[in-house]
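Okay, so chain A shows up in both of these, paired with chain B first and chain C after.
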Partner chain A sequence: MTPVPITDVALLVPELILVGMALALLLVASRIREAGVATAGTVLAAALAAVLTIWLMPQSSKSGFSEMITIDGYSQFFKVLIASALGLTALLSVKRVDVKFVRPAEYHALLLLAAAGMMFAVSSLDLMTLYLGLELTTLCSYVLVGITVDKPDSNEAAIKYFLLGSFASALFLYGMALIYGATGTTDFKAIALILSQSSLGSDPLFVAGAGLLAAGLAFKIAAVPFHAWAPDAYEGAQAPVAAFLATASKAAGLAAVGRVCWAIFKTPTNGLQFDKLPPEVSMLLVGLAALSIVVGSIVALAQTNMKRLLAYSSIAHAGYALLGFIAGTDAGAEATMTYAYFYVFMTLGTFGVIITLEDRGETLDGYQGLAVERPKTAALMLLFLLSLTGIPPTAGFVAKFVVILNVVREGYYVLATLAVACSVITAFVYLRVAVLMYMKEPVAASADPEDALSSRLPLAVSAALAMTALITVVGGIFPGILTSWAVAP
Partner chain B sequence: MTYPILTLITFLPLVGTAGILLFGRGRHARWIALATTLATLAAMAPLCSGFDKTKSGLQFVDSVAWISMGNLQINYQLGVDGISLPFIILSGLLTLLCVGASWTAIRTRDREFYAALLIAETAMIGLFAAANFFLFFVFWELMVVPLFLLIGVWGGPNRVYAAVKFLIFTLAGSVLMLVGMIALQVATPEAGLNFKQLTGTTLDTTLQIWLFLAFLAAFAVKVPMFPVHTWLPDAHTEAPTAGSVILAGILLKMGAYGFLRVALPVLPQAVQIFLMPMLIISVVAIIYGAYVTLAQTDIKRLIAYSSVSHMGFVTLGIFTLDQRAVEGAILQMINHGVISAALFLCVGMIYERTHTREIKDYGGVAKTAPRYAALLALFCLAAAGFPGLNSFVGEFLIIGGAFKTNAWLGILAIWGVGLGTTYLLWLYYRMVMGEMNPGLQGLKIELTAREILTLAPLAFLALYLGLHPECVLSYLHIPVSELPNIIATP
Partner chain C sequence: MSEYIGVVACFVIAGMIAGGMVLLASVLGKKTPSLEKSEPFECGETPFSLPGGKLAIKFYLTAILFILFDVEVVFLYPWAVIYRKLGMVGLVEMGVFLGILLVGYVYAWSNKALDW
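And then the complex of A and B:
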């Protein structure tokens, strides 16, 4: 083991900023009465982390800490995405954290630490660091889901999430142990080298390990059949926390899936150039994607709670995002990155609207006649719903187009048809909400004029909504501007 | 022409939408909408005057590099040829008339109504002006959203069912087109989905067959062809007048336009293979549609079903692949756009006064409203294919082509014309002639000046296109003769 040079710390600057801000908030926690201070701190840290990720990092990819951590285009992309999701979540939390007597400093510190874990995970080149990053994220998430201690729903959700999550972490850990047993290393490159040189692919120990690892990762992105936690956790959690889980956490999980697939299964070693994933891995990804799309779309049809509906839709979206990875081409990975990028913003926007409408309750019926009472909010919701459905000219269409382009290019015509057929089902799901908003009369005459609302709506929430809406529209019209910097791992 | 005229025309209505959303308080919305649609129509004038009928290919081309993601290169390209130009003008005209028809009929949430209408106009014009498939698809999908809202928010009692059915049918078709379009992009990556470059490539026959089926799913739903027409009667019946006009006048033409723009040029071999089945379902649509129309008791539903029959003529004409018949089919699309829009406007205007669409509640309208009766007579006769009025020419050309292909097709099509005359004249007889229905006593049915002004352009077109069809046909000769597989008329 060579000593780690101090300069390697530079690789972790964004994470350190987030951790530093989290510690600072905790240190002065007892003094913080104003939620605004904590929010401002989090947003500042997120912005700084994003900016430093882009500016301070080397042009070519660089790794350190004994090849355990890397900075490359791939991790930079996801770090910026996670930082953006963190900042927007903090902005969206303003209303909730004030109202529900959640201690702002602790809440924001947990958000920051979770995001730091995600960033750490997406730049991992070793199973150990990957596990550490993901586990930091998950532990913070358990607490965030249950942060409203006086709400039984929230406690129930946290416990369910914790039990299933620990189980998934155990699977992941066991898979790591098996792979270590089979190869004697946890380093991605070393595993890839051994894989290319020996008949490791047929070693039951390694196959079992890889399978368990896949299960653990599938849990993180809530892909079917490891999705059961998501609806309960989203429903019980505060809306901003659910938004954070559905976006940043899912993006980090997707990044980890891509990293593992690319670094272990298709790294060019010994002059052997793999331009695709091995067929077994492809089949596994196809299976996860197809199941997630079908189950997510169909079960979403039966939901009456907005957050549960979005949970199932996020399960389907995880499936769509995986479509880019299935073949293992770099263009495919970039398609998934584009998908993840647009998905994060449109989902945050949708949750943002839910947060602004919290006084109407979270059931679908609460949205009846919204277009009459709050036309602007309804129009915004319609935009996000159309984007989630994948109707041009929104970002969601571009996202769907690029992943399906990848599927067709690799010759999976049936899968492509299945995916678009399910998008008709999801259209029905989302448009049910649109029908309620636009085509039903308001239930009670709760005369709530728009101007009174906008005065009550905190500036932070409006800003977050405006930004997500902007990206949803611009991303649909000029997609190249926003995602041209997506680089395969 | 130095300024990007097509881009201007396409997005001018969107500017109007923005204006309505910003300044459309109270009743200002309808004035902004009127000004926008008038300006859009006026902006089309240089398009008509500057268009050169003798040149082949697209004119007024606007082309800018647009999407560049990895190996996906797509340009923003607009352009018109003789086929698309008449549709662009028809779109502009019908939207203007829709504003006129909604002037007093839409009283709730009119700001959103006119905003949706103008977005629909952008989608319509953009679709006909699109010079590549990607842009075509974007506008194709964009069209669905405002219409979904138009039907679902301002429609009749059963509007939500109709709106959702419309949306699900259209989306189900268009997602298959999306897969087809992507497969086309994968097969010919260098073409960038540009129609002209796609026409130059020869695709594998098996791929062509699959692509044809995928595109057929989308186009057949929009036309609508038998048996995927079932959304149409619901949507047309429940939609507000403006929605019905847009649906019947433009939306139905998008499917047939898709065949002309995508299927015929890009998939010539598949078209040859599917020729007979397409001709047969077209004739089925004509005959079946006509018989179902005869049985209707609701005026709007009757006109809606008659569209199934009339659009059957259009697809029949297109798939005979005879030069004259294809020209006739395109002319007939314009004709149907004019007449069905006029008929829906007529129904809408009388419905505003009587609040019933049942034929049995009418009778003897001519006694109190002679001007209305005269205009309705003109449009009914035009729809029935009366010589001297516009449908006659289109149907004549189509049936001529059908006889050349197969005598039975021609005979059945003539049978369809006979049925069409029957249901239209019978409708007219029951509504307008005979004794006055007591329920209509005391109602002021006669049209106002605004309403006559709304119908006048369509009445003029019905006469003018009937007497001088060459004014549209002359645009079509060159682009139609350049389609592959076309049997030139000696």
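And then the complex of A and C:
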């Protein structure tokens, strides 16, 4: 065993910043009574982590900690994305979380630790570190979902999420154990090498292990049939927490799926890289993606709660995002990364609007006649809804276009047709909200002075909304500017 | 298999010590039975009550803190075994680990989790 050189710590600088800030917040937790301090700390740490991720990027990819952790273009992309989602979530939390029963320092510390876990997961080259990162994320998420202890539905959501989540983690762990049994290693490169040199692909032990691993990862991105937790967890959680789960957590899960597919099944052994994923892996992904798109789109039609609707929408979006990986080419992986990027910002924006509307934003009825009462909020919501549907010139169109283009190029015509057809169904889902906002009269003109008061947004929430809207628009018109640095693993 | 004899011996000796103590206590110990002592008990809870009743959370807090610190300190043993091979880096890493653990301790303390 060779000792790890201390310089390897440089690979983990962004994670260390987030963990450091989380620990600092915990140390003073009992003295922080205002959300502002904790929010500022979190945003600062997120910004610093994003900047340092870009600034400390080496010329070529580097790995350390006995080949367990890497920095490359792929991990850099997702780390910046996760840091942005963290910062925006912290800004959006200002309005919702500053209530009696949630202590701001703990809340923000959990957000920071979850984000650190995600960053750790996206840069791991070994099943052990991948598991550690994902587990750190989900453990924090369980608590975040149930952080409003005084609300029974929040507790219920946390318990459901915890039970299903621990099953998924156990499956993942069992899959890891089986793969270790079949290959004698947990290192991606070593597994790939054994896979290319032996008949491991037909070894039932390895196949079962890979299947369990896929189930564990599908749970993290809430792909059908491992999606059941998402609507309940999002509904019970505070809106900013649901936003964080739907965006950062999903992006990290997608990154992990891509990393596993590319590093194990598509590796450069003897300097060569296979053109495509093996057909078994592609078929598995096709199944997950097709089911997610169909079920997510159709079940969303029946929802009357806005957060549940967005949960099913996020399930469908997970399916769309997987399309790029199915294509199996590097261009396909880059398409998925583009999708993840735009999806994160438009979803955060949608949740942001829900947050600004407070209790009214939770149900679909609350949007009735919004355009008359609060035209700016309604316009912003319309922009995000159009983007989620995938209508040009928004970022959502670009995202859907690139992933579908890549599967068509690789000859998955049926899948592409299905994706386009379901996107018509989702148009109905999202535009229903738009119809409620613009074509219905307000239920009752509330001349409540308190309502007018609460419509003045805190600066932090406005800033977050402005940034997500900006990226949704700019991404739709000049997609190249924002996603040119998406690099396949 | 012979290298596992030590483990078996450890099990046997540990069993003998624990069993011996229980045996000696039950033979030599002074017995003053009372109503409270004869109750089947678990974590100080009332043995029979309807679900949904109130329960003292203090015991659980103590148990959770115990598990946290106890389980995490277990990592010190494998670290100590290969300490020399790890060198300076290992020492720093364990310092970081214990530092994080200490933050948790301070957090528990400052939030009055250690008060009874």
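Note that in this section the second predicted complex is superposed on the first by the 472 of 489 C-alpha atoms of A that agree within 3 Å, B and C clash if a C-alpha of one lies under 4 Å from a C-alpha of the other, contacts with A are read in each partner's own complex, and residues count from 1 in each chain.
By our rule, a residue touches a chain if its C-beta (ideal position, glycine included) is under 8 Å from a C-beta of that chain, and two chains touch if they have at least 3 such contacts.
If you're wondering where the values come from, they're calculated on a predicted model, not measured in any experiment.
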> Put the two structures on top of each other at chain A: do chain B and chain C fit, or clash?
Replying inline: fit
>> Per the contact definition in the header, classify A:Ile6: touching chain B only (first), chain C only (second), both, or neither.
In response: second
>> Is A:Leu23 touching anything from chain B or chain C once the two structures are fitted on A? First, second, both or neither.
In response: second
> chain A residues in contact: does chain B have more, or chain C?
Replying inline: B
>> Nearest approach of chain B to chain C by C-alpha atoms in the superposition, in Å, rounded to an integer.
In response: 42
> Shared contact residues on chain A for chain B and chain C?
Replying inline: none
>> Per the contact definition, I'd like the list of chain A residues that touch chain C in the complex.
In response: 1, 3-6, 19, 23, 26-27, 29-30
>> Quick check: in the complex, which residue numbers of chain B touch chain A?
In response: 66-72, 109, 112, 137-138, 141-142, 144-145, 148-149, 152-153, 159-160, 163-164, 167-168, 171-172, 175-176, 178-179, 182-183, 185-186, 210
> Which residues of chain A touch chain B in the complex?
Replying inline: 331, 334-335, 338, 371-372, 375, 386, 391-393, 397, 401-402, 404-405, 408-409, 413, 416-417, 420-421, 423-424, 427-428, 431, 434-435, 438-440, 478-480, 483-484
>> Applying the document's contact rule, which stretches of chain C touch chain A when the two form their complex?
In response: 82, 85-90, 92, 100, 103-104, 106-107, 110-111
